[in-house]
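Both of the next two complexes hold subunit A, though its partner changes from subunit B to subunit C.
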Partner chain A sequence: QKVTVEVLDHLEHLALVDFRDAEGVERLQKAIQFADQLHDVNTDGVEPMDSVLEDRCLYLRGDDVTEGNCTNELLKNAREKVEEYFVAPPGNIPLPKLEERETFLQSS
Partner chain B sequence: AARGCGGVWRRAWQRGAGGPSPAPRGQRAVACNARGGAVPAGKSGLAPWEPVVGLEIHAQISSSSKLFSGSQVQFAAPPNSLVSFFDASLPGTLPVLNRRCVEAAVMTGLALNCSINKKSLFDRKHYFYADLPAGYQITQQRVPIAVNGSLSYSLCIDNKMSQMVTKTVRIKQIQLEQDSGKSLHDDTRSQTLVDLNRAGVGLMEVVMEPDMCCGEEAAAAVRELQLILQTLGSSQAVMAEGQLRVDANVSVHHPGEPYGVRTEVKNINSIRFLAKAVDYEIQRQIEELESGGTILNETRAFDSKLGCTVPMRDKEGKQDYRFMPEPNLPPLILYDAKSLPANMNHQQVVNIDLIHERLPDLPSVKRAKLVERYGILPEHSFTLLNEDGLTEFFENVVKQTQMKPKKVIGWILNDLLSYLKQHSLTVKESPVSSFLLADLLNLLEKKEISSTAAKQVLAELWKGEGKTPLEIVKEKKLELIQDQKELEQICQAVIDGQENE
Partner chain C sequence: QVSAALKEGRVTPTELCQRCLSLIKSTKFLNAYITVAEETALKQAEESEKRYRRGQPLGVLDGIPVAVKDNFNTAGIETTCASNMLKGYISPYNATVVQKLLDQGAVLLGKTNLDEFAMGSGSTDGVFGPVRNPWSYSRQYKEKSVPKSDSKAEESNWVITGGSSGGSAAAVSSFTCFAALGSDTGGSTRNPAAHCGVVGLKPTYGLISRHGLIPLVNSMDVPGILTRCVDDAAVVLGSLAGHDPKDSTTIQDNFKPFELPNLSDVSKLSIGIPKEYHAPGLSSEILALWSKAADLFKNAGAKVIEVSLPHTCYSIVCYHVLCTAEVASNMARFDGLEYGHRSDMNKSTESMYAATRREGFNDVVRGRILSGNYFLLKQNYENYFIKAQKVRRLIANDFVKVFRSGVDILLTPTTLSDAVPYMEFIKEDNRTRSAQDDILTQAANMAGLPAINVPTALSERGLPVGLQFIGRSFQEKQLLTVAKWFENQVKFPMIQLEVKRHDHDAFQHQKSASFS
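== the complex of A and B ==
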């Protein structure tokens, strides 16, 4: 079962990934096929596991101030800054619609 | 649980400069139906409408450091000074859960009659925005820390304090989650300035089921929640400082029919605006539907200046948050007296039963105690609790005077409180202390002055010139004459004066 162009386009919008070419899409297909093998296992009555950490103790930290005050270090990597603020565009710049993009997905 | 508006639901239309209404109309009076639900009468011939209001409330947890990092939580600070590497989402950093935040959520859950989930999970909610550096928010979508609670609140019927009705709203769940940073929009330079000081601060999201039906109910429920949070200390819940944020979900439908499409209303900055925003949106939807239009499932912002809701830009249709388990955090396990593990460090154990034992008296309990102890009316107890510091003031006066609490309360609520309101002062800023007021009331109680004179003295005391009540009484010669002979002489003189006319 192939992943549709609509789903691929949707993923590109959501995750801002670029499937770039047939190989990229094929890799995704293979990953899904690999994971689908889980369906072959009978999991009736078995609680799903979503982390191998599930039996670990979640460490609780005391409510003390131990970090922060490193404005300069944080801003060092910023391309643009205004008086210790990070600068971003006025709003999210959405990925153009499929028809308007130069993407491999258009031809598939 | 009593649901639906208990009183007459009215919407006065504003004309001209007063502010916009969805469409100019005359006054609309509305009758309650037999069930007691508020059902605004539509245009003649049209079926009545039933509004449905649900709330999503985000309360900032009152803690020294953030939910998953050790940077400080503080309201006003130089931009990006309270930010750790984790808060800025630099690679190689991991979340570490703050115990105090867990306790705050458990306290709040218990106070709202919730079941506390002994095992709760953390998830990632993905979306892109400049003030969310990681590209996802850590929240509790699958299994939150508390579920299935309730909140009782009171409403005055018909604006008369004398008739109060109790309502209940169901609490769907309470979840722990991260706050985002702050975006400052600079429209002139077409850019957004981002301050991450708030990014990562702990939030409790309280989800209220759609059991409310108008702005007044929503406002009353939020007010009570605010008082509870402040009493617990789990959040300071000051809306003006963004510590309490409310989003309203509003829809309307005809009784007996399925629920209508709902809109989400954001950008509500005070309890007063909450009531206005909800009522406006209800009316807008009724208008739209009655004129043959449809309601879009959209997010709208409340414009407090215009008093209306407008569609929000930047909301790209239905969001797909691609929830996934937070891989860096194991499940959060809470214990109670029975399940307490034997060999565990105290610091690592959150005991629900211990937190339950330590809960302070909730507002409803405090009010009941005030009524029982002092013989005041229930509505008095509401006013006392509603004003920061007023209960303490009242009790201090009672302690220092022989006057009965039932009489003292009149002076507190009618005289003191109205002075404070007139001059926009808090109880703490009152020029008249509880000591001075008690002093004055003692003079009245001992019949050394009349009640009229007492009011004059209070007016003088209000100037805050440092004089005692007794000094003012002597200065203005307000003492009641006690001498029998002197009184007879005065009476005689008046009678004689009459005879001469």
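== the complex of A and C ==
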């Protein structure tokens, strides 16, 4: 089954990355087709594995401050900043809808 | 060998450093290095020299020139991951493994080239261009290639290094450094090691800290070690392994650095030959070599048996889903606010992020992010992501069963064929290539097991072919001991590099190719 434009649009919103062109969409289609081979495997009764170290305990270290005070170092790499703040454009404005966006998906 | 030379004063760290730097300049066409840290390297070499003069070197690695793949953070040195997203990004800190090398006195020559964000199996998809395999310029390869009518055609005949740590492999293979760090998520250290004729070690997941390694797949990434001989790999491993409080996925067990014994008796060894690794597309040459290696062990008295890892054929599909899913998550941090490229688009945070990411990532990265997000959608989560995690357990269990049955080490090919010419490689897209090339190396990452590529012989085209040994978790000593025995048996030839306009001194240290 082909992936619908709604799902493609949804993915562009979630990933904040666009498909750019037909090749991009085709790439996803092929990826899904490739992944479908997983369904040939019988996994009844098998638990999902998150980590190869699952038999060991995750540990906690003491709640002591051991590093920090590197504000200047960290700010050096940011392009837009004011005093000790990273400056972002206004938030809470959703990405424009498909019809209003400049995206390849409009033509498909 | 070179370490002993430094100790005895036969060569000084600054001389060594200068020779390597000049060799890097002569081999610039290989495009192995993205950044060469000439000034800091010379300073480090000078410090090392002072220590040697006082008779107080920090250890075997003191004064040894090394290179680091450009996805490790290095304080004060640009770290790009071969991507526009991080061009101009100067790391504020050293990755733990980099710090450990520097603490031992190693001289950091520079950052090596890779596929963008370590995604790929050719080291051809980075923004700084592809890396060329030094063997393309070897007498051994030139002798075997059909003579071309004009020099231009010969120019375009160069072969790839494999990837994604191609720059590191090329750097070690062309003698510009004595050891290099790579990363291994699906075979990214072992694949280029095989194509470039060097030793490529993937340690057990959890042995070496990933702090400072820009993550691809958190549950599979490990730093990789590339050297010209197995002993050197053991030395580097000794200086890097161990618990790091900054990486909670490193195990807390005490790690003791070891020297490799010279194994003389292999009769107590049980070598497993997994039949599924006779994968479709495996070249008859490599098949023959694999067989010969098995016979080598058999004739020396070891027990060599065929074993089965039935889920091997699914490891690439499983990897494809898990990798893209984790990538989708890991790449989310690149939004242009705190570091890296930032778009001029200013209308809203979301549109700025979207534009930044469109401008910063290449198609391969974007493709994986989008695929990963697809598999993580609510409607797909169970059928793809969780399903892949279940298959992962099946793959890991295959190995557990085999090792439990008494097998000590597995012997498999590392790659399907010798290195292909660049012009041929780019005919297929990145994902297809990765799926083909990772097939023999990927499962070890799934299961977190240690694995090593040992250069074995030259192919009919005069290019390196390597074989892979996979060991039990955290049994690097046994793995490397067997690898060293094998290395001594096969006596892989040294590359006869033909480089125009080099200073002759640079090749003097072919005699001291290793540092241990």
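Definition applied: the second predicted complex is superposed on the first by the 97 of 108 C-alpha atoms of A that agree within 3 Å, B and C clash if a C-alpha of one lies under 4 Å from a C-alpha of the other, contacts with A are read in each partner's own complex, and residues count from 1 in each chain.
One rule holds for everything that comes next: contacts are C-beta pairs under 8 Å (C-beta built on N, C-alpha and C of every residue); 3 or more make two chains touch, one makes a residue touch a chain.
All figures in this text were calculated on a predicted structure; none of them were measured in a lab.
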Which superposed partner A:Val82 touches (first subunit B, second subunit C, both, neither): first
Which of subunit B and subunit C A:Leu14 touches, first, second, both or neither: both
Greater residue coverage of subunit A in the superposed arrangement, subunit B or subunit C: C
Contacts of A:Asp50 with subunit B and subunit C, given as first, second, both or neither: both
Partner chain(s) touched by A:Gly24 [first = subunit B, second = subunit C, both, neither]: second
Partner chain in contact with A:Leu38 - subunit B first, subunit C second, else both or neither: second
First, second, both or neither for A:Thr71, with subunit B first and subunit C second: first
Contacts of A:Leu58 with subunit B and subunit C, given as first, second, both or neither: both
First (subunit B), second (subunit C), both or neither touched by A:Pro94: both
Subunit A positions touched by subunit B in one structure and by subunit C in the second: 10, 14-16, 50-51, 53, 56, 58-59, 61, 70, 74, 86, 88-91, 94
Residue ranges of subunit A touching subunit C (in the complex, touch as defined): 3, 7, 10-12, 14-20, 23-24, 27-28, 30-32, 34-35, 37-41, 43, 46-53, 56, 58-59, 61, 70, 73-74, 76-80, 86, 88-91, 93-96
Interfacial residue positions of subunit B with respect to subunit A in the complex: 63-65, 69-72, 78-86, 88, 96-102, 121, 126, 128-130, 183-187, 190-196, 313-314, 316, 320, 322, 325, 327, 329-333, 347-348, 350
Subunit B-facing residues of subunit A, complex: 10, 14-16, 50-51, 53-71, 74-75, 82-92, 94
Sites on subunit C touched by subunit A in the complex: 89-90, 92, 205-206, 219, 245, 248-249, 251-252, 311, 314, 317-318, 320-321, 324, 328, 335-340, 342, 345-354, 357-358, 361, 363, 366-367, 369-371, 373-375, 377, 383-384, 386-394, 396, 429, 431, 435, 447-448, 473
